[in-house]
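See structure below.
The first chain written gets the first letter, and so on, giving A, B, C and D; residue counts start at 1 in each chain.
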Amino acid sequence: MTKFKTFALGMLTAAAAQPVLATDLEVTHWWTSGAEAAAIRVISEGFQKSGNTWVDGAIAGAGGVARPLITSRITGGDPMGATQFTHGQAMRELIEAGFMRDVTEVAEAQGWKDQIFPQSLLDSCTFEGKLYCVPSNIHSQQWLWLNNAVFTDNGLSVPQNWDEFVAAAPKLREMDIIPLAQGQQSWQKQLMFNVLMVSIGGPELFERVYAGRDADYAAGSDVAKVFKAAAEARDLMEGSNVQAWNEAANLMISGRAAGQIMGDWVQGEFTQAGMTAGEDFSCLPGLGVNEYITAAGDAFYFPKVDDPEIIAAQDVLAGVIVSPETQVEFTKAKGALPVRRDVELRDPTPCMEKGMAILKEGHIVESINTMVSPDTVGRVTDLMIEFFADPSFSPETAQAEFAEIIATAD
Amino acid sequence: MADVTANMQRPSPAHASGPKPRRAFSRNNIVIYGILVVLAVYYLLPFYVMLMTSLKGLPEIRMGSIFAPPMEITFEPWVKAWSTVCTGLNCDGLSRGFWNSIKITVPSVFFSIAVASVNGYALSMWRFKGANVFFTILIIGAFIPYQVMIYPIVILLREIGLYGDLGGLVLVHTIFGMPILTLLFRNYFSSVPEELFKAARVDGARFWTIYLKIMLPMAVPIFVVAVILQTTAIWNDFLFGVIFTRPDNYPMTVQLNNIVNSVTGVKEYNVNMAATLLSGVVPLTIYFLSGKLFVRGIAAGAVKG
Amino acid sequence: MSQSGKPTGLFKNLSAKIAAVPMVLTALVVFVGCSVWTIVYSFTNSRLLPSTKWVGLDQYERLWGTRRWLISIENLAIYGILMLILALVLGFLLAALIDQKIRFEDGFRTIFLYPYALSFIVTGLVWQWLLNPEFGIQHAVRSLGFETFTFDPLYNTNTVLYGVLIAGLWHTSGLVMCLMLAGLRGIDEDVWKATKIDGIPAWKTYLLVVIPMMRPVFITTLVLITSAIIKLYDLVIAQTGGGPGLASEVPAKFVFDMMFVSQNLAQGFAASSMMLVAVIVVIIPWAYLEFGGKKHG
Amino acid sequence: MQPSVSIQNLKLDFGSVSVLRDLNLDIGQGEFLVLLGSSGCGKSTLLNCIAGLLEPTEGSIHIKGQNVTWAEPSDRGIGMVFQSYALYPQMTVEGNLTFGLKNAKMPKDEIARRVARAAEVLQIEPLLKRQPAALSGGQRQRVAIGRALVRDVDVFLFDEPLSNLDAKLRADLRVEIKRLHQTLENTMIYVTHDQVEAMTLADRIAIMKGGVVMQLDTPSVIYNKPANKYVADFIGSPSMNFFDTRLANPQSPKVVIAGKDVSLSGYEFTRPGFSGDVWFGIRPEHIVTGEAADAAPTQFEVRAELVEPMGAETLVWSSLAGTSLRFRVDGQMPVADGDLIRVGFDPARASIFDKAEELRV
């Protein structure tokens, strides 16, 4: 074992110094849509420059297929070389069970500690002092996107925050416009609710409920406001009969809906449709109320393997992902924020600049995924699916059930 | 017991034996054809829509009705779906998975049918002690959702070192095809007169000789049914294909999933539909060509309890 | 040449036993073994990975307190009963019609059967599209001038199951028709002659004479349809994703989501175990009667 | 002489049902034995045991002195012909004939020789290249017999081989089987439920019931001196008339039928000195009418209740002493319903069984 370690270390230094022998590295990810594929191409090209070969294992559909596939492959003893995975507790058990490799040595060799920003990105990758994943980009969820023309054409001013948006809704309804576009998929319901938690309730409320697991507080009047807002949102979403998030975005682009609550990745859809940020569409981080965002994002993990060549290739990939060159191109393609302090965005949109500014101010909240288990997230999601689908589901009942979940959260 | 020879020589009582032949335009006839045509519309509608949509350009899809025939026929979506659409980083469309699907389907169909037919034969002719217990377990197995089994199966394959291997996937297909296929073959072989089996035993044939020389040649109709059912099931499989193989062996359905579920701006419905149809070409062709044999094969024994 | 002693139990029909090894292994190791494994681990608190931290019946208590699970079961029951009845009725109707010595029999049969060649995923996608009010059937009818026509089963909590049913029937009824047709063709022509002489109307003959004679066909069909119903997953995923709300959730999806999305294996195992128990309770007595008692045929 | 087939203490249970009970049977070399009985009597089961297609629960089977109880069917030196012919449908006639020989890895020229001989004996040479489906029922059964023939074995087993044929063919083939037996002189065990086949073919008949052999003897003994009431009733058509009476046996044994004393002085007793309740049986064909009746030791006057003309003879149903009485009259004799007829019989030709055990006295 020690012998092996020395050998691996040797390879590591070699990897840092010069391109090694061509190795096939299988990388699993669920980035299959246009912008995502373009982004992953940046990484793969950067990786292939080292002389290694990228074997692409793209599987559409993060929750349904890719996750079981990834965990099965790893626990089944036939791991891929590297895999995309979301931050958080999800991976933790695999790490604990010793299935994953730590890349602490690469991180130390390349001085990630000083470069990766915000610090929480590395924290959520760290387990017992070792670094198990490489953050690739930051996405934030807390955004309200508005189609400016829908408001101005109907004699309304473009809202500057959630309350104004809600106030404008009746007028939009008269015009047969859906105020808020939303896809039917379950994760979007969960996202919507937790965005309201952060933005309407505020970051302290959010963390007190999820990190603090304060069930009494979750049943209290502060959280009640969030549920009231959720009930309003439910009315605003009436008629938004689409499944995917980008179909919802399309409703907004085509003017059949006025706004959408969605993560910053949706911006790509608007720009692709020829809309310009600030002119054609507006973005309100934190729904214009509490300008805090979750700085969670995507990350790459490296299963433990025996083959030293693959280990070397893994190290190369880890370095490529956080390298400044990759970060610039990658975040540009993905419409995401970079994970490095020293990277300047190339032609950022006003919305991205807003996001950057919030990051720099440190107005960051932890992601729900790092605070509670996927199981708890699942229970919240199930509750929200029901709540948002059924207008007769009262916010009070929902809140009581929510508090129940928080009381038993883990 | 009926005359064996005559029976087996006419394995297909698939001759029309309805109530009575009817005159061309009786009232009954109009009702019958009326109902059939209306139902045919229900069955054909999705195919029609898929086909029409796959032949339209995107602008036309956006403005027109999905039921309208294309104003301008374009085969571009088909070309794109087959050879250029991107699934992840690979932009060579469905063609990538086509040969993988064949590579998976052919051995899986072969082995699952080989094993199941021997099972059916052993169960109906040799009836060793406890055989029915195992068969009952198999039948219950037919009702277990695959998702439930994924986890333990992964562990199982890992333990026997077949995980991630094409052989492992073939094994999984053989296992999960076994219940229904065994039922099919068992029922079929049960309808073969026992005296034939006895005669062969007197003639000195043992287990495998009887299977290969006597039973196999007689079971062609049911083999056709089994091949059709298994090819369809395995060709259309996605879950096992993705979980039990590596990317270089991913079947076509994985690409189809990536194409259909990847979301980039406007959904390219025409490409999606073309891809859907393309991925279904093999089983569809089999059904179109051998639908008649299918009914005959089922009639020949699958329906005997 | 001839053994003079009685062969011991193990070596009796040795070849048959060797040939049955794959079946026995599948039955014992996969179906029994994996089921037992699943049940055992449903008493733990396994999350992403199986653990042996025993928690007794906690998982089951939670399971039966989960509304989504209860809804899933109810949905499956409604869908299952309707699907079973309608698939049999529709399949039999089609078979009876096709059996009237009609012209274009091959054509009609192919039309009714081809959906079975397509996967549930494709079926779900196509029907999701056809039933989409924005550009599907509702849109088409409205553009014909019926402005108030409404047909959006997938977007209504109360009707979504019927929307799934339409697609499920479309996919499966052709196979049922084939089985029924095969059964009808296996019925002696003399039966028709006899009932004709007795002056029994055709529908009555079907109901009272023909259908009882087709018992084996119905059993094969029942196994095929029922096993597909219990496994119902792909169709729902592709067509509705379980929505709107929880209105089209089904147990198999609950299990899958629990195991792989919520990463709460034990909860998923508990749900699987419940499905397993339900299957066993219903199937074993039936299977015993059907396959266990009889010696032959 | 050593028996060709010897069955000792054979038992076979299917679960809790006993199909064969402690059966003993010796079949001589070259003998034609018919196993006769109604369905479910165990006759086919016994044949399958001899063939090795069923395994007995207990007991042993010897063929030519070899214990073959557990041997493979093909190793027992038997050939078998089945009711449904059981020809392999996908093989030609020739293929059917040679299948067993090929399995035994017999040299080609020997196979050819045997097939040629069997085909000649059975006159099926023109059919050799045909498929079974292209043959008539009679031809198929010839091929099936040929398949047993080519095996050149000592023991032939027939499992109701003629049941699927129509009446005329059946008669023809029956004769042919008999001729075959005369030519080949090997042991044949033949299962049937048809007593005509049994009587015409058998050297000995074993009548079975409930897994037990009721009587094993030549056709003539079985017919004339049935060992028990079951056999008496089973053999003969129409079946024997039975009177419920009492055998008194002081010095001159007699029974009373319809108030008349019937002296049994000419009856050959199996159990002399027996007295008690008995069944007195007399075959319909042993009842005479007309002048012969006047000469008969015992005479009655009966009324014809139903008349069945059958051509050569007429079957008359009447009753005597509250018991149905059937008898035959000459076909030329005019009989009508209601006619009074004088009948008589010779008690020496009767069969008498005690009521308790129904065994011959």
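Just so it is clear, a residue touches a chain if its C-beta (ideal position, glycine included) is under 8 Å from a C-beta of that chain, and two chains touch if they have at least 3 such contacts.
Model, not experiment: these values are computed from the prediction.
Counting hops only between chains that touch, chain A reaches chain D in a minimum of 2. Of all the chains, the one whose CA centre sits at the greatest distance from that of chain C is D.
Separation between the centroids of chain C and chain D, computed from CA atoms only, is 54 Å.
One simple way to say how far apart two chains are is to compare their mean CA positions; for chain A and chain B this gives 40 Å.
Annotation: 15 Å between the Cα-based centres of chain B and chain C.
Residue positions of chain D touching 2 or more other chains: 72, 75. Touching two or more other chains at once are residues 68, 75 of chain A. Touching of two or more other chains is recorded for residues 150-151, 206, 238, 257, 260 of chain B.
Against chain C, the residues of chain A that register as touching in their complex are 63-64, 67-68, 71, 75, 90, 92-94, 97, 184-186, 241, 243, 373-375, 377-379, 382, 385-386, 388-390. Residue ranges on chain C touching chain A, taken from their complex, read 47-49, 66-68, 128, 132-134, 152, 155, 157, 237, 241-247, 256-264, 267.
On chain B, the positions that touch chain D within their shared complex are 1-6, 8-10, 193, 195-196, 198-206, 209, 213-214, 217-218.
Residues 13-22, 32-33, 35-36, 39-40, 42-47, 49-50, 65-67, 115, 118-119, 121-124, 126-129, 131-153, 156, 174-175, 178-180, 182-183, 187, 190-191, 194, 206-208, 211, 232, 236-238, 253, 256-257, 260, 269, 272, 276, 279-280, 283-284, 286-288, 291-292, 294-296, 298-299, 302-305 of chain B are the ones touching chain C in the complex.
Residues 48, 51-53, 72-75, 78-80, 82-90, 99-100, 103-104, 131-133, 135, 137, 140, 144, 147-148, 151, 159, 164 of chain D are the ones touching chain B in the complex.
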